[in-house]
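By written order: A, B and C. Residues from 1 in each chain.
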Amino acid sequence: MSLRNPSSTSPLRAAPVADGATRIAIYVALVALSLAAPFLFQGIVTQLAFLWLMILFALTWDILGGQTGYNSFGNVLFFGLGCYAATVVQRDTHLPYFVALAAGMGLSALVALLAAGVLGPLILGMRGQYFAICTLGLSIAAADLFAGWEFVGAGSGIVPALYPGPVDERNRFFYYVLLALATITFVTFRLLYRTRFGAAINAIRDDEDKADAMGLHTTRYKVAAWMLAALFLGLAGGPVAGLVGFVDPRDLAFAGATFGVWMVLMAVLGGKGTLWGPVIGAAIFHATQEFFWTYLFGWQRVAMGILIVAIVVFFPLGIMGGLRARWPQWFGEVVDEAARPARADEGGVGDERVA
Amino acid sequence: MDNLQILVAAPVFNLQLLVDGVLIGSVFALAAYGMGLVWGVMRIINIAQGEFVMLGGYVALHAAGAGIPPLATIPIAAIVLYLLGWMLYRAVLFRLVDRDLFTSILATFGLSILLQQIANQVFGANVRSLDSGLGTLSFGDGQITVAEIKLVAFGAVLVLGAALVLFLKTSRLGQALRATAQNAAAARILGIDTDRVYAATFALNAGICGAAGALVAMTWIIHPYLGLTYTVRAFMIVVVAGLGNLPAIAASGAALGIAEQYAGFLLGTEFQTAFLFSLLVVILVARQLALHRQRLYLK
Amino acid sequence: MNALLEVDRVSKAFGGVIANRAVSLSVPAGSIVGLIGPNGSGKTTLFSSIVGLHPVDAGAIRFDGRDITTLRVGEIARLGLIRTFQQTRVYRAMSCLRNLQISAPLARPSIRSVFAPFSAEVTDRAETLLDFVGLYEKRQLRAGSLSFGQQKLLEFAMALMNEPKMLLLDEPTAGINPTLINALLERLRRANTQFGITLLVIEHNMRAIMRLAGHVYCLAHGELIAAGTPEEIQRDPQVLEAYLGAH
């Protein structure tokens, strides 16, 4: 017996901000712009490539942080493992450049998945601050360990293979690789958030004890989420190493003080637990990064600290979260107009009807 | 490994590591006690704990540079940091007290970055230390040396620790603190101004760290980036020893100090921080597994 | 009649304080059994032991023929023993519909079933159950925006969605408007007769439990002091003593 009755009148309505056709048009425009960007903005291709990396960073943080409720301060671990794995493959096998890169990325993915799969069950049993601090310790320990490991060049790091072509071409190539990775990450997560998996991790976030008491395999879902994040972070390592040209354990691979912190900040700024929040947060953050660097050099990290405190204390829902609380109808949520407005709880994707 | 052979061949050298470990470990224990106070009363894990220690060290350095006798910089650092702690509470932290855990951890993390980078900009990244003007004691024909300042520091920690415990047990503020830690709502109903208690607790903790920082400046080194290592040390000690359990905190601090000395000696100084953070992970995982058997979890 | 749940001389102490002392009870399949007792009698501790929240010091617990004494909360829930919470816990940021969908059991989790959207079948059943508890109109609302009573109904629907063999209800009428208690009890009864779910109910509300349960156990001071039909329990002098007398 189906109770679905589209003609039933009800005081509850959703009013998404744009209808289907408009939305598709927006997507097409975005895709076209992204593909054309290296030719339109030739001077800043590397920065644009990093924009896609930042989006990937924010999304992979959010699947565990905003969607599952486990705030990792050490996701950069998987990115670093990816950097090193891919570069070692390039160094030690003498395959042609692109083959080595692909193989390297394959190894990166494996290593990252393995790390998350092994560490996950041990560490995801901890909640809240313990998990956060433990992951922080992990990434710093990794940085220090790799900085002392001779096989990978210790503190001097390692140099990936040289791109077989001019610098412009190299930058464009890696721009498209990172664009592809970020897009695949976004699309994958978007699809996943609408499945049973997405509902399960949201349930864990909302009330893990309840989820446990309802028979959900909470550990498996948490580890799966972390492995998904690790996968994309690891894959990104090789391309970034190729783009930057040098893998430094503390400044690139396991760059906790920069990448590691930014991952959290971007997602929170944009609105953790929402689909577009991390994307928007990454875009805004990356754009203002350039500004900070140029004008505040030296004090930019002080500004970063202030920004973190300000956002967390005054603006914890972030941009998308704030919009969602104010106008939930735009997000496909239903508001009971007869009752008082829904509370601004930390957001889940819920029954979003956004495309 | 050569160094391991040294330890076996000349057992007295173990004593040197033990002594150094206990002495430096006492300072860790002090920072841990303060962290436990804030954690227990305000339910906030202060990631910026180490930065308070670091800033205390810089205050001591500058006070000494202004001509103040080294040992007198300890109370000065404590007072300056106490005031800083009070101001930070009034400016930012009071908003964190009733918030969720992620908010408080991210906020104090942001605070730690802020303080660390300000120190980096203002004081420069150079490693510095403060000459206490005291000598070195020698035992067993010079086989074991102990810098006198380390003994003084140890003594200072004991005195401070005793004073703290006494203060918290007997003073009105101390009682208010303990009441608030047990049940803030009940404390408020009984007329305790919990906001002032929180401010005093946070400021007191900052002061404790300030004193610890002055001691670190004299017995070791100070630089803008040592904050996180002290935060992690304090956190580990609290996880192992529990909140407010002074003998356990003292013992854990000593154990950690000794472990670090051995790690530094056997693995080399470049791996000392790797050891520290790896130990953090190991301790947390071990604790988690132990709790798991009782169907509990670290929360 | 087969006992679906058997508690066999279970004891539990917390640091020197004995919360349960050799308590035994048995819940026949298809029945409604009540568990009563004054505050501090150990009902909650026993409840927590049954659902797997802590290990027991002595004794055994069997569910559907299986020994569950050492099993964890999730494992016990997956065997078909579902509990509700006294404070009423639902997934607050998700819609009511999604709350129900995620409560559907997954007999054989596989990559395909986990990483797929909910089937139409699951969604239909979710909507049916929402209708059963009168929340169909509110199915798209955030669970956290419902009133307390509505959340209790939602939690109940979620429990039913899981197709349990047995439901452990922790004070289901607590905090409910007296005028709505009858409706709740009616739904509980229907869950028992219509869906065949065995119920073990902790209750403080005497009238509610006496009307609902076929058999009642009474705890006091950590021990089982009486067991029988509601009428027998109501007349039992030890029960009266436990509730009215000084401890």
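What we mean here is this: a contact is a pair of C-beta atoms (placed from the backbone, for glycine too) under 8 Å apart; a residue touches a chain by one contact, two chains touch by 3 or more.
Please read all numbers here as calculations on a predicted model, not as lab measurements.
Relative to subunit A, the most remote chain by averaged C-alpha coordinates is C.
Central chain (C-alpha centroid nearest the global protein C-alpha centroid): A. Chain centres here are Cα averages; for subunit B and subunit C they lie 47 Å apart. Taking each chain's centre as the mean of its C-alpha atoms, subunit A lies 34 Å from subunit B. One finds 40 Å separating the Cα centroids of subunit A and subunit C. Within subunit C, residues 73 each touch two or more of the remaining chains.
Interface residues of subunit B, counted against subunit C in their complex, comprise 294-295. Contacts from subunit C toward subunit B in the complex involve residues 52-55, 72-73.
In the complex of the two chains, the subunit A residues touching subunit B come out as 71, 73, 122-123, 125-130, 132-134, 137-138, 140-141, 144-145, 147-148, 155, 257, 261, 264, 268, 298-299, 301-302, 304-309, 312-313, 316. Listed in rising order, the residues of subunit B touching subunit A in the complex are 45, 47, 92, 95-96, 99, 101-103, 105-107, 109-118, 120-121, 228, 232, 235, 239, 268, 270-271, 273-274, 277-278, 280-281, 284-285, 288-289, 292, 297-299.
The residues of subunit A lying in touch with subunit C in their complex are 1-4, 10, 12, 14, 192, 194-197, 199-200, 202-203, 205-207, 209-218, 220, 224, 273, 333-336, 339, 341-343, 345-348, 350-351.
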